[in-house]
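Pasting the structures in now, so scroll down.
The two complexes that follow have subunit A in common; it is paired with subunit B in the first and with subunit C in the second.
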Partner chain A sequence: MKELLKDIKKRYDISMIVHQRPDEVFATVNKEEAVALITHLRDHEGFTHLVLLTAVDWLEDGKFQLTYLLNNDAKRNDLGLRVMIDREEATMESIHHLWEQAATYQRELKEMFGIDFPGSPRVNESFILEGWHDIPPYRRDFDTKKYSEETYFPRPGRVTHDPAEYMKKKLYPEE
Partner chain B sequence: MSMKDLEKRTVTGPDGEQFEVDPMQDYFCQETPQVHKPSNRIWEKFLNWARAESLWILGFGTGCGAIEMRPLMTPRFDAYRYGIQWRPTPRQSNLFIIGGYMSVKTLKRAIRSYEQMQGPKFVVGLGSCTINGGMYWDSYNTINRLDHYLPVDVYIAGCMPRPESLLAGFEELKKLIKAGKAEGQNLYAENFEWYKKNQKQIIKDWDMPDYNW
Partner chain C sequence: MTDKNKYRDKFPDKNPDGTNIIDLESHKFIKVWQGPQHPGITGNMSLELIVQGDEIMKCTTHVGYLHRGFEKLMERRTFIQCFPLVCRIAVPEPDFNEYCFAATIEELAGIKIPEAAEWMRTLLLEMARLTSFMMWMGGQTGAFGLGLPGQWLNYGRDLMLDRFEEISGGRIYHMHILPGGVRGLLPDGWEGRMEDTLKKLEGIMSDVNKTMFTNAVFKKRSVGLGYIDPTWVDKYGIVGPNARAAGIPKDVRKDYPYLKYSELDFDVITATDSDAYTRADLRRKEIHLSIDLIRQMMAKMPKSGEYMAKVPNVLHWKIPKGETYIRSECTRGEYGFYTVTDGSGFPRRINVRGPSYTHAVALMEKLAIDCNIADTAGLMVSLHTYPPEIER
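Moving on, here comes the complex of A and B:
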């Protein structure tokens, strides 16, 4: 793993390397080089399997983090690549030409986070949500509780207790 | 299905003959459901007894609660000894068990399935999710109260309820049917406008006829 990182560090601008486990490493790569690096890893370094493609919403930083988790089956190790993209203009190059199944991930990310992948097959079709009109629900500024209360006719009578207060009252009622 | 599939169009048959198809008229029934008032005669009591003793469940698991149906089907809990069995199509069944949480996407299919079932038909809400949303009460995508969209006869509380509770729920439903109180279908027909309004408020891309049995 260390030799591989040394090797790709010569050609690509990667940073924030975290050795999660001996066989699992995470690194951040910039948006422009990401697809080139993934292609290189797939074709020359044996990372033939795309485990997952997911996103994290860093609302405070105004960024989306895309995580591409790649697996090298022959050497039994994983490499996670983080790509930070702008939250306002959330677009990323598609990788469906490398793995067909990435199109499904990208379709889901488009729907749930509003991250666009131009050219990805059926990316603009609805996937799980049909006829969704609000902002994408996995964005952290989407208030799911408020939306649910306004939309789904909540049944009255639901009470929420603060666990600490509730147990204190229950165990030591005289205090 | 999309709204486009419901438009009038000319179709060429396999023998080359061209004919016009109007899906709203030809494939679906646009009539709203009618109320069938039960008569209080002995005959109705006999029918209710017969209905209660042959509950045929639609095999449509809408949420995780549907997993509780499998032990019920199999010898350990064996619901068949109570005259309860599972059927593959809505046309053959008269009991719809909503198995737990219901997403909006599933709700659309559930409404279509319910409306395709032949009366008299009953709905059982299985699990807390159908009552008040359960652990998914603040989700962006699951409904909170099933009785706003479909007429529910019996709720079975629990997360999830064990097969024994389901059997108890079926017994409760049988009692209701025999007493002539399981009138969900008529409730649906009477308050059809209200149910449709609620359904359409949730299902934003309504692309099917209003009533499609």
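Moving on, here comes the complex of A and C:
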């Protein structure tokens, strides 16, 4: 794993390398170089399995972190590539041409985080939330509690009791 | 080339990428929805099928019928509050969620769990696998119109749920695995009752073998259905029994031994034909492997000892900043949790990597093309998908 990192460090600008476990490394790569590096890793370094593609919202830094977790099944190790993109202009190059399932991940990220992947198949179709008009719900500034209080309301006829008092009144009304 | 394909080549016309050109206005196609309320669908999802005659020309997977936003809910809960949530991501086998979540937290917080807890976790995971496969096998026979094996298998599953109840107090959601270890070791006399159950399950499996795998109806309908080419495995992210049935020996238990799997004696089961029948047969062998592994564990595991490591007060538990990914082999393949922490008392982000995500969307949409509409249910079940994993 160390040799591989040394090798790709010569050609790509990677930083913040964290050796989480001997077989699992996380590293940050530039937005512009990310897809080239992923393609290189898939075609020449044996990282043929895309484990997951997801986003982390760093609201206070104004950034989204995209994590591409790649797995090398022959050498039994994982490389997590972080790509920091701007929160305001959240667009990223698509990798649907490398793995068929990537289009599904990107469609979900577009819906849940509002990160655009131009050219990815059906990326603008709703995946889970049909008819959603609010801000993308997995962003940190979306408040689920506030949303549910505004959208839903208590049904009429529902009363909340203090359990101890209610049972006493029901079972021993004379006391 | 069969006669059927001779005519199929001419109609309908194809796009340059090989997909069928569909014109609903021509009245030569009908759109049919299979699901979300349909006995042949695994859970709440739906397939939008465009059929010509009784053959499927186009299939689109629609999910979102049970979206509860697990990942978002977890961001607003303390680490211990997340435990009643994670087990609900895959209902028939909650233990894999509990293990993966506990393991990511332990790794980020630097906690080493006692040996007895590791054995106990391995046992629970293997029991969950056995239980889930029994339920799946009933679903697979049911999808082809054979109701009887499902009844027997559900009886077998119920016996396993009794054993779970004796350990944890819960039948479906066990919540026995906590960060730092497990809630307890085996109760008195449990091994004897488990051995009786395993003997009964072997008897049931022998009956199922006779009524399912040598049944003409099941064989005729499942052989050749849903062929997965070995070259698709990496391209579509196929894992678990679906990949192993295509001859690719992908098994997290062997490849990345976690817990006590390195101390158990087993081989990765593979097959070559890669159709629905082979996948069912492979899962039958997996059931026998699980029974064998449970017996090995019962002989080897310590009967007493420390089972919970010291953890901080869980109500004020802050975990240092970091990120990690932990995988385990669930019944459908690689199941993993990617957890990001930011030093606060709440997880920053948790992403669940479920095998159904790739199997039920990209792969299912491809396999359903040219399949008979009556076989869709069988094909869907043979991929073994759970919708809650797709829309966590």
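Here, the second predicted complex is superposed on the first by the 153 of 175 C-alpha atoms of A that agree within 3 Å, B and C clash if a C-alpha of one lies under 4 Å from a C-alpha of the other, contacts with A are read in each partner's own complex, and residues count from 1 in each chain.
FYI, a contact is a pair of C-beta atoms (placed from the backbone, for glycine too) under 8 Å apart; a residue touches a chain by one contact, two chains touch by 3 or more.
Everything quoted here is computed from the prediction, not taken from an experiment.
Undergrad: Between subunit B (first) and subunit C (second), which, if any, makes contact with A:L50: first, second, both or neither?
TA: Second partner only, subunit C.
Undergrad: Which partner chains sit in contact with A:Q101 here, subunit B, subunit C, both or neither? Use first/second/both/neither.
TA: In the superposed model, A:Q101 contacts subunit C only, not subunit B.
Undergrad: First (subunit B), second (subunit C), both or neither: which does A:D73 touch?
TA: It touches subunit C, and subunit B stays clear.
Undergrad: Thinking of the overlay built on chain A, is A:N124 touched by subunit B (first), by subunit C (second), by both, or by neither?
TA: neither
Undergrad: Applying the document's definition of touching, compare subunit B and subunit C: which contacts more of subunit A?
TA: Per-residue touch count on subunit A favours C.
Undergrad: Look at A:P137 in the shared chain and tell me whether it touches subunit B only, subunit C only, both, or neither; answer first, second, both or neither.
TA: Both: A:P137 reaches subunit B and subunit C.
Undergrad: Should A:Q20 be classified as contacting the first partner (subunit B), the second (subunit C), both, or neither?
TA: Touch status of A:Q20: second partner only.
Undergrad: On the A-aligned overlay, A:R158 touches which partner chain: subunit B = first, subunit C = second, or both, or neither?
TA: first
Undergrad: Does the superposition put A:T39 against subunit B (first), subunit C (second), both, or neither?
TA: neither
Undergrad: Per the definitions at the top, what is the overlap between the subunit A residues touching subunit B and those touching subunit C?
TA: In subunit A, residues 126, 128-130, 137, 144-145 are touched by subunit B and also by subunit C.
Undergrad: How about subunit A: which of its residues touch subunit B in the complex?
TA: Result: residues 126, 128-134, 137, 142, 144-145, 147-149, 151-155, 157-158 of subunit A touch subunit B.
Undergrad: Hey, which residues of subunit B end up touching subunit A in the complex?
TA: On the subunit B side, the touching residues are 103-105, 108, 131-133, 137-145, 148, 198, 201-205.
Undergrad: Name, in rising order, each residue of subunit C that touches subunit A in their complex.
TA: Within the complex, subunit C contacts subunit A at residues 63-64, 67, 69, 71-73, 75-76, 107, 234-237, 250, 255-256, 322-325, 327, 334, 336, 338, 340, 348-349, 351, 353, 357-358, 361-363, 366, 391.
Undergrad: Name, in rising order, each residue of subunit A that touches subunit C in their complex.
TA: Those residues of subunit A that touch subunit C are 18, 20-21, 23-24, 26, 48-52, 54-57, 67, 69, 73, 76, 78, 80, 99-101, 103-105, 126-130, 137-138, 140, 144-145.
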